[in-house]
Structure formats: C-alpha cells, structure tokens
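The data blocks that follow each hold one structure.
The two complexes that follow have chain A in common; it is paired with chain B in the first and with chain C in the second.
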Partner chain A sequence: MQSRFYASLLLISALILLAFVSYAGLRELNPEWKTYQKEYKRLFFNNAVTPDMKKKAAEYTVGIRQIYIKDLNRVDRCDNCHVGVENPLMAKEKVPYRQHSGTYLKDHPVTKFGCTICHLGQGNATNKKEAHAEGHDTYWDYPILPLKHIQSSCTQCHNMDFLSKHGADVIIEGEKLFNEKGCKGCHKLSGNGGVLGKALDGVGSQPIHYFPMRYVEGERTQPSWLKQHFEDPRKVVPESVMKVKLTPEEADKLTTYILSIRTYDPPKIYRRINEEPIVAKDGHALYNMYCVACHEDGKLSAFDENLKGTIPAIENPAFLMNADDRFIEMVVKEGRKGTPMTSWQLSSAGLTDEEIKKIVSYVALQRGHESSKPVSVNLKTGDKDAGKEIFNVRCALCHGEKGQGGLGLNLANQIIKKADDQYLFKTIRDGRATTPMPPFGSTGLGLTDQQIVNVISYIKAF
Partner chain B sequence: MSESLKSGIEQFKDNIFGLKDSLTKSYLRAGKPTSDMSRAALMVNNFFLHIQGAKTHINTLRPAYTLGMGLIAFYLFIITCVSGALVMIFYNPSIEHAYSTVKDINYVVFAGRLMRNVHKWSGEGMIVFVLLHMARVLYTNSYKRGREFNWLIGIVLLVLTFVLNLTGYMLPWDQLSYWALVIVSNIIQSPKELTDILGLTKFVDIGGIQKEFFLAGTVPGAATLNRVYFLHIMLLPIIITTFIGVHFWRIRKDGGLTVPDNFNSSCNVDCGNLVVLPKKTGGIFTTNKTYGLMTMSKGVTPAVDRDVENTVLSWPNLAIAEAAVFVLCLAAVIVYSIFVDAPLKEAANALIPENPAKAPWYFLGLQEMVSYSAFMGSIVIPMLSVLGLALIPYLDRDQSDVGIWFSGSAGKKVAIKTLIVGSVCLIGMLAFVVNFGWFRNWWPSIAQIWIILINPANLWLLFVCAWSIWIIKSTGSTRMGAIALFTMFLVSYLILTYVGTELRGPNWEFFWSKAQWPIH
Partner chain C sequence: MSSTGEKTEIGRRDFLGVSAIVAGAIAMLSVVAGALRLTKSNVYYEQSQKFKIGRPENFPAGTKVKLDEKKVFIFSENSGLYAISSICTHLGCIVSQTDSGFLCPCHGSRYDGIGNVVGGPAPRALPWLEISLHEDGNLVVDASKEVKSGTMFLI
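Here is the complex of A and B:
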C-alpha cells in the first residue's frame, strides 16, 4: 500500500534506531564500575571464612553509591570501583579491590572524609579515566595525587609537630629543605619573603594551567613540573634566575611540601591544628630561610650568570671589618636597588626589625677582633672630577662606566649614597680579601688617601 | 424491569468490547483511513496534520527535490526540545551548581550523557540544516510567487537558531562557556570601536549599554547565567516556536512547495516508487472529476488547468515520508551522540583565560573577521549579510523557472563558477593576511579609523557585491545574481568558519593544525 521508497527508508531507519538505542541502553546498564563490584563480590565471598561473613558477602548488592560530605562540599563516587577500602578481608587483593593501607581510615572514616579531600581527583566521575583525571583531555583541575606526595594533604588539618610524631617524614623533610635552601629569599609566602620569584600562597591548589608545561618531560602534571623545577630550574623555566638545584630525592620531598601549600581550608571541625607555639627562629635559621639561596655560606664573592651580577660575600671578615652592624642592618632593611637584593623590612619583604637584627648579629659573628687602620684624611675634601679620572682608569673595568656593576658590584644605588664615607674609604684602601677587589691604598695599588677621597665623592654622585 | 436491566448490562458489555472501535472513531472522526475520503478527512480533522493539505503534489515528495532539509531542521528542533526538557530536570542554573549538575548528568543520571549529547548535537545540527534548507530553497528558486515573505521569516528563524544555540553554550558554566561569554559580550560591545573614534563614547556608549544588558552587569556572573537561562529555556523557544508555526502556515497559504511549471509526473519522475497514485475508480476522486479543496489561500489554485494526477493523498504518502525522515533523523542524532561526547571543560575560572578564547564554532567566521576589525566584523558585516540575504526575493523578481534546481544549466554554471572564484579569492586573501599582516602590522601607529574602513573583511564584502553585480550584468538575469550572491555567502561562511575553528591557535595566530599549537 505505502510507497516503497519511504516505507523501506522508514523500516531501515527504525531498525538502526532500535539497534543503537539497545546498544546505548546496554552500555548504560553495564558501566565500568559494575564489573569491579561484581568481581569484588566474588572475592569477598571467596575470602570470607566464617558463615556470617559468607552471608554478608552474599548479601552485597551491586549498585551505584556515593559519599556526600556536606561540610566539605564534596560528592565522592570513588568507592564504586574501590569497593573494598574498608573491608579487612580485601587486605591482600590488588587495587581497586584492596583495603586501604595503614590505619588511616580508622581515624578518618570514609563517611566523614570521603576520598578526594586527601587523594584529589574528580570525585564526581564514575569511570577510571575521568575520576583519576590524569592527562589533559579529562579537563579537571586537580588530577589524582601521586602516592609519593600524599603527605601533602595531611597539613590541611594537622600541624607539623603532630606530623613529625606520626611518621610523616617526607613532608617534614620537605619543610626542612624549604627552610634551609632559602626558598623565601625569593618567594613570598604568608606575607613574607623576597620578590624575585612568584609568591607561593596557594601554589599547591593552583590549577594545572598556571604551570607552563612546555619544557616538562614525561607527565605534564603539577608534581612533575615542581620536581623538574627543583632539579634544574632553567630547564622548566628558561628565564629563571633560581640558584638552587636539588637531587631527585630532595626534589620529591620538597615537591610534597610545596603541594601542601593550598588555598582550600577544610572547615574548622575537621582541623586538628592546635595553635602551634610560634617558636622564635634564631639568626642562623633566619639566615637559612631568607639569605642562603643567594649568599650561600657568604664566604665567596662570585659572579652569577643568571642574576647577572656579583653576589657579595657577606661573611667575609674583610667586609665585616669595615661594615658596622648599623650599615649591614640598613642594607638588609632597604635592599640594594638595581640589584636582586630585596628590601627586607616589614613593609616590603615582611621581616620584623627584631628578625633583621638577629640576621645581622648572625652575620656579624664572623667579624674578627682586629679593626682597620683609622682614616687620617679629611673625607669632606673630595674632588669629583679628579675622582672621575681615577675611576675610569682604575674602577670602571669591574664596576662599569656608570657604576652599574659587572664583575664588581653595582655602585649606582641608594645604599652607596647613604653609606658611611669611612666604610667606603676603608673598602677601597684595604680591598676585600678573598674577592677580586684589591687594596687600592698606598701599600697596595698605590692610590693616595686624597685620591681615594676623590673617587668616593665621584661614586656618591652616580 | 428485569428485561431492561439485562439489556443495560448487555449494552455495557457491548460498549466495553466495542471500546477499541469507539475510541478510534472518536479520535479519527471520519473512521479509519480506508477510503480516499476518510484519508483526506484524517488530514483535515487532525490538529497537527491539518496545517498540511489533504493532497500533496508529487514533486513535494521527491527526495531529490527538497532533500528533506527543512523537515530535518524542524525535527532536530523537536528532538532538541524533548532532550532539553530531560536535561533541564537535572540542571541547576546557578553558578555554584551549574557545572556540578552537568557533571552529574554525565556521570550518574541514567543515559544522561547520551541525552546531553543528543541535546547538544541536535541543537547544533539545526544550524547546519537550517542553512542547507535555505540553500535548497534558494537554488530551486523557491522564494518566489508569494513566498517572498516566508523567506524573511526563514531568515528570522536562522538568526533565532544561532541565538538559541549560543545561549545554550553558556549554561554548563565551564571554561568554554565562560570565555565564550566574554568573547561574545566583547563582540556585542564593539560599536565602542566606532564611538571611541568619533569621541561619542563618553556621551552615549552604545556598545557598553548592549554589553551590560547582555551580561546583566559588567562581567559574567550569577545574574548573567540567570538571564541566559531564561532566554534559552523560555523566551527564545516561545519565539522560535511561534515563528516556525507562522513559517509552516505560510507555506500552506502560499500554495505549498514550489513545483516546476512544466511538471509532468510521467516524464519528470518515476513516481510509482515514491507515492500511491489515486485510485482511478471509486471514491470521490473519479477520473471524470477534478476536485479542488477550496481554500482562501493565495497563489495559483491547485490543478485548475492540469490533471489531478500530479497530486496524491497526503495520507499515507506524505505521512509516511515524514515519519521516515523523522526516524532517520532521530537515529542519526542518537548514533552520533553515542560516539561523540559534547565538550565539557574545567569549571569556569575568571583567572585563567582560555587561549585562544573562542566563540562557539558557528560564530568563528565572525570572530575571524572581528580579528580584522571588531566593529565591522561583529556588527556591520553580519547585519549587511543578513540584510542582503533577506532582500534576495525582492531584488530578484524574475518569476520564471520556479522550482527547478539552479533554474537550469546556466544557473548551475554560475554557481560552480562562483564557488571556484569565491574559494580561490577568499583563500588567497586569507593567505595574504596570514603571511603579510595588515595595516596595523605595517604602520603600527595608524589611526584605527583606517582599519575600520579598509580591512580584509570589507574588501571581501565589496568583492562579493561586485561579483554578483557583474554576474547580473554579464548574464542579464537577476536570478543569476541571486545564485552568485548566495553561493558567495555559503563559501564565505564555510571557509571563514573553518579557518576560525581549525587554523587559528593561541593569540589568534595561524597554525595548520591543533597539534602545532605551542604547549603552554
């Protein structure tokens, strides 16, 4: 009766529709997690020893489940595949059926904490690829945390004191490295630290797009970026001036620590951070925290290729002999404009006067007892033009035509203007032992005291 | 007494057994479609079918004539509405929950991912098929003889389809949504480029007002989502449904689909395969009688001077054809949706701009032109294009050769020639711009007004107009001009959209493929 063409079109289309709707329905009825739950049920039954347990295993129903934690604003569906996390009978099975390691779940019941608060990943998802969210095609900001960095999650609720007593050795050592390698010399965190690098607040929970992945080898993830950055800063960020280089083991530990610096705080009821007694750090600790990244042990003055300048040896007795505490304190407080030296006072890099005093006294420990020969000329009588001639011949090679620095230090800055004339005079006259700066005085390269005074008046006019 | 009681029970029994027949009869009024009369009545009496005639011209049923494009676009709209309602049940239009509810639709709602995919792909399919339908109408010369106004309604529907798709794109509140919102609001703001130059911005900032109206604020936020949601699920569907109704009603009033003047079923098509021919004896349609449904419709009265043979009963001929296209359409959408997931990126983050931030693909041709000049690319050229398309039936009043593909072989030649010339020239121009840049690259300090006036998009528009006019001049036919203009429109839309979608990478720089994009 009906037209043949349209009747056959209708029939064929209807068959295709039926076939694919059935296919979609079957696919929908047999999701990935169901396979795992069925296998779990089998293993559960096999491993059960007592009749009671057998009964329990037999009663296990396969079905979708989720952990909703209102206070954490999370829905975790990880247990659809990781079914056995709370079942002691599954202790020896392989992942994802295996029981959670250690006794963590006893203190952190799954119903109260869920999974992603520690492990990250996409709790909403119900398939492995998207739940673990590894790889850029899953479009999730927080891929699952590699287990070697898992301790970075502990600090959300626990303080370091607690963690050190409970075996969280990786993050403890990570923090130690963070303090001793002088990270805060360049990176601000919680209001204090230098400004050469990026601030670290919340870096552990910054989405993957914050990290330029171009030069990262292997997996392009936050942990690999951080690790490779610590091993060789300029491999990951070519323009980086970062000096520190760590061994792979150290880099892993520091990565764990850095990943723990997150913006997201769990609600108060979850946190076990008792107000940690603020232990005042001594001068040595502060030096390690803020100064060591550039000055290292302060004994050697060396030109740094990346910073494009010479880092002065601040523990050099020859320097300390001429520079008094007041001068060093002024340099620390105000920094050296035109050089990477940060101004460390409270209003910029965030150190208190007390802390700066401690650092200065620590540095001054190396000062010897002998004092330099007193200055015997009138320092007010400098002739700038005469000084210029001498400077261009004797000084410009290292310090630059305009005092901008090179092999030698940058002289064209505020601190030199403010520096005590006596200090400058002695430095030029006596030189700086163990650095390329030779003594220019009459016993050295033969400048007269008056010539030195002339040079000083020229330097001060930069 | 007992006699009547018994007969009452019996009546009741009969009524129960007779339910099937009585329901059918009450539903169909004229009974089952067993005769030509009742078949005609079925069409006329049904609310949904009566917008179509009781009889349909054979030409309308030729798949090679209509290609079913308009019908497919309409069915995609129906599928979009139904799947949209299903997705809407689970979706929450707040910036806190929008993204996570879309995730839930994907992960835990039964067949939710499929439903979302169906909604997405049928919605975007509408754009494709509305454009193809438009092409079919134009190339078969079907915008004439009373159908001029329906062409205009079609243009309105095209624009509505774009806007409906765009508003839907914003709702998941992921990175794609957010940054498309930013891009689109900037496009909306682009009259500022001109008012800045004229120094008018401080008096009346048209662009700024438009942008604020669209975003319900100055940056995308909670109020924006609310507004876009309202547009997407309520205002626009109501408007588009109304216009679809008017569009269909006018097809009927304008005399149905076009038919070539010299149509003869026996010589034009082998219709025995396509339709059921009217019975030659019996029924009301006897061989001796010409029968016309007297309507108020304008246009040529059906079959006054020709044989009735060229029309057939709509039931079942049209009905089965429409049913077949619907099922085919549904099957195609579902198959595509099973294998291709609708995109969903990271949650919206105002601090991490997507690079490149792209509008949805159907606007990337515009965005490519916006990259030359925001004002021209986003306001002037789209407006002129829509205006030009809308005016085609009024500027081409040549009433011959209606209902014939390309109006014959001359039109086909013009179309092919235009296709080749258009593609070559446009690609050539784009290659020039990609390799050598434009004024801003040559004279960095040039005044913006020069770029607004002279940029590749404007030059292209001028070329398209000049080409169409040259065709009119050289062929002496406005119809050929219409074919040339529309072919140029299609070529431009396709090529510019392809370039914007596939060949533009970070900072809108040129790349042969996405694999070459620098890794961030």
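Here is the complex of A and C:
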C-alpha cells in the first residue's frame, strides 16, 4: 500500500515538472516577436508585386535581430516586432508592420541611429511590455516617448535654428512658452534663473523615479507628470508655489520642450549643432523670462495664497514716481530677504549687470513724467520709540509686528535699511495708489511729517 | 496500457513507478536540452556585418569607390556591381588601389584588378562580398558573406 502511495506521488510530481518544462519550452519557442515576423512575412509576400520582391519575401527568415550601435552604446531590438520600418511595401499596413512615417529614416538610417535614441524605451527588450516600458508595474527608467513629444529628441543633435526651418513647430513653440511664461524666474537652467523651484538642467533625462507620481492621473510617466504639473501645479505637487497655469495644448508643447533638456550628448559625429549666435535679449524679453511668473504685468499688487505674501506691482506709476532706477536696480540685484524675491546678480541667479539694467529700464518705462517734489528728511530728528508706538497701531496689522510682512510687504530687510529716506517718507505720506497702502500723511490719515520720520527711524532699526 | 492481456508481469504498481520515472526523465532531459540551448547566442554585441551603401543609381557603370569605414571597394561596370574587401588576406592591413589592381602597404602583397594574388606574401585572393537589394531600394553589402570571384550583382 505504501509503495503505491509513493509511486503515485512520484508520478504526480513528475507530471507537474513535465508540465512546467513543456510550458517553459513552448513559451521560449513561441515568443511574441515570432508572431509578428510571421505575419510580416505574409503581408510582405502579399504586397510584393515584382517577382524579385516576391522572392525576397519568400526568402525572409524569421529570427531574432538587433541593431548594435557602438558609438551610441545602444542595442535596439525594436525591429523584431516593428519589422517593416524600412519596407516601403508596408506603408499602408498597421503598426507594428508599418513603414516608418515621413522621410526621417532617409537621413537617420536605422543602422546608424537605431530607434531608442529618438523614441526612448528599453531597446534590449524583446517583448512589447518591457520594450515600451509603459504601465505602472514595469517602472523602467525611460518609457517610450509619446509621439506628440517626439520632437524633444531632435535637440540632441540639432539646434533650434535648424529645427525652426524644418517644421519642428511643437518644440519651437514650447521654447517660446518657456521664455515667455517666466519659468526661469524660479527655475535655474544653464547657470541662471531663480531659486524657488528646482533647477532644470538635465530634467529631460531624469529617470521616472525622480518624479513623485502619487497624484499623477493616467500613465505615470515623465511626460504625464510634466503636463499635469503645467496644467495645475498643486495637483501634482501640493506644496508647489508655482503661479503659472497652462492650457492643455500649451502644457503639451512646454512638456516637449522640457523633455528636450537632457544631459546625454550623442557623440560629435552625430551632432549637427552649429554655434548659434547668442542674441542679446531686450528688456521686455528678459522681463518675460525672469519676472513675469510672479509679477505678471506688474500693474496689480495682489496677495498670493501660495507664496504667502503680497507681490508688489512693480510697474505701478505711483511706485515708480517715488522709486528711482538706482533703488530698483539695487532691489533686483540684492533681492528682498524674507520674501520670495531672490537676488538676481551674477553670483546668485546669474544675470549680468547689463541684463539687470535692461530689466530696470523696461520697468521704468511706465514711470510718468511728473516726478514728486523732493522733501527734506532728517532722520537724526527721528524718535524710534515714538515711531514704534505709531507703527504698532498703524502699520503692524499689515506689515507684521516685527515688520515680517503679511498682507503688506516685508519691511525687515536690508533693502529697506538701504532705501532712500525720501522714498520711504513719500511712500508713507502719499500711500501707494491702486494698492491697499493708504496715504498716512496730513492730507490722508493724519500723521505729521515728524511722526512719519519717527516711523522711518523705527523701521530702519528692524 | 495497464496489466491487461497476457503481459501480467508488469503490475499496476510497477506501471505507476515506471511512468513516473519516464516522465521525470523526459522533464529532466528537456531541462538539460534547454540549458544546452543557452550556450548558443542568438545575437552578439557587435556591429552588424551588413551595411547599406546607397541606391543603385548612385553607382553608374564605371564607378570605383573605396568605403574606408566599411573596408570595402565597390565597383560598377556594365555587367553589374561587385564589392571587394579591402582587408589584405595576409595580415589584415587595408590595401590601396593602384593602376594594375591593389597593393598592400604593409608587406607588399599585390593583387590584380579583381583581387587575385599576383605577388607578395598574401595567401589568397581578396574576397568578393555579397551584394543584395534591400526592400527600401538601397544596396546592401554583407561583409560576412563571401561570394565567388566574378559574381556580379545585376541592377
């Protein structure tokens, strides 16, 4: 009885083993790509017209193939399934049998470029899921690049000037958006730009795990993250203070541009980048590049929920009337400590003195012809303690008890200490039209000139 | 298949045991066969020996081109196209073309116009390589496939 039991046990386990081995063997002998190649052969034969082509189709052998490109350090096996990419007879078939669209392969022969240099994805893989690397459970570093962003690959070898002449409209418009929406106001790229956001150098080459995907809807890939981030920054990164929101079309274009900012440069023999003449940007372009994200058109002073502060209206004539270029230039150069306004000089955000001067002159264009009459302010007569009393009653509500800012601007910083006394005096006396700052002078809320001087003494001592 | 008929010497229990062993043996053999299969690579990490050289109309009769990078000469005559390897069969230097044929700069091997040895240490003629036409209309040279000297590719 016992030996029968053991014999049955042996038989069952042997059969299970045999089943596993047969399954493994069958799977090994019938990979995904074989099905595609067999179908390709059939289509090729059917589409062939001339006897020569019929013969070629009949001679086609099903088997694994690869494109090895030493200079690019790539092994692409995409053509195991995308068999017909170079075959004009397959122009009308469906993917993956179809011929490559356009004339791209004429200038970029597959044997020299492979596939993944432009399309990304996992070149080594021999099945669709791993090659395209899509889906939440694959999580390869570089999933296949969606075709709508494919132009982001062109910049590896071509410069924008060339691309604009060859119909790469998406990335050109993406770059325009990048420059005009003020991205560099917060994000550094190639050494200049603000510091509130992350630097963007090489962001297009960053593998997928650099992007927190928790709140990303749909496909969890770099392009999805970027697009949704541009449409609604706080949906993807809840703590983001980014102000800019784009339409879905704009977001797609900007995503393409951002994805083109890569770290990997192909070898020189591949690159067609000529030195582009560096066109000096004028004040308006520079304002759009660095300032517009926060200050927008500079006309309206508004409290920003995310930055937790009021963004001053720097093109407000009432401000420009009192603030001279020297003061504005100083603010741009040194920034305002305690606020999101960063220091823009060469050693920080990377703008040259010349660029800063251009921005200042652009802002100053809004200054009216009438300039305020000079007043004589003698701070030596100021009484700090008296100033403190007035400040706590009149100013602290908006500017904070220690001048730290709130609805009003932050006053406890170097710039205020360095600011011209006349500028401060006039600002307090006349208020700032179009902002919540009322005139406190004798014609307004009734502070005497001496009281204002007392307040300035107190502010300067913060 | 069990102990029916005259063959009663194989009992039911024996049959179980025998089939178990046979099934096990087949499975193990398949595993060994699969493992042995792994010793042969499908593909190698190396540049493909096949390369495109352009469309036939770029090679009108009378053309003689040396493709330095690919180490091959392409000749076009009225009777057809042919490709001759430029790797000397002696020690692998790259031969140069002369009026009468090819000359290897390293040890002076001399070949005639169609690659046959006429002097020097070269042990055999320069190989002729296979030319074919790709579906996309480009000519393809396969440096891994030698053809008989005098084989012309007709356009």
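The rule is simple: the second predicted complex is superposed on the first by the 434 of 462 C-alpha atoms of A that agree within 3 Å, B and C clash if a C-alpha of one lies under 4 Å from a C-alpha of the other, contacts with A are read in each partner's own complex, and residues count from 1 in each chain.
Heads up, the rule we're going with is that a residue touches a chain if its C-beta (ideal position, glycine included) is under 8 Å from a C-beta of that chain, and two chains touch if they have at least 3 such contacts.
The structure presented is a predicted model; accordingly, all values stated were derived computationally and were not measured.
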item	value
Chain B versus chain C as contact partner of A:A24, first or second or both or neither	both
Partner chain(s) touched by A:N87 [first = chain B, second = chain C, both, neither]	second
Partner chain(s) touched by A:L445 [first = chain B, second = chain C, both, neither]	neither
Partner chain(s) touched by A:W140 [first = chain B, second = chain C, both, neither]	first
Touching partner for A:Y210 - first (chain B), second (chain C), both, neither	first
First (chain B), second (chain C), both or neither touched by A:L10	both
Partner chain(s) touched by A:A280 [first = chain B, second = chain C, both, neither]	neither
First (chain B), second (chain C), both or neither touched by A:R65	second
Shared chain A surface residues [contacts with chain B and with chain C]	3-4, 7, 10, 13-14, 17, 20-21, 24-25, 28, 64, 66, 75, 77
Complex interface listing, chain A residues touching chain B	1-7, 9-10, 13-14, 16-17, 20-21, 23-25, 27-28, 64, 66, 75, 77, 124-127, 130, 139-141, 207, 209-210, 212-214, 220
Touch list for chain A against partner chain C, complex	3-4, 7-8, 10-11, 13-15, 17-18, 20-22, 24-25, 28, 44, 52-53, 56, 63-70, 75, 77, 86-89, 105, 109, 111
Touching residues on chain B, where the partner in the complex is chain A	61, 63, 100, 103-104, 107-108, 110-111, 114, 174-175, 273-276, 316-317, 320-321, 323-325, 327-328, 330-331, 334-335, 338, 344-347, 349, 352, 518-520
Residue ranges of chain C touching chain A (in the complex, touch as defined)	12-13, 16-17, 19-21, 23-24, 26-27, 30-31, 34, 42-48, 50-52, 133-137
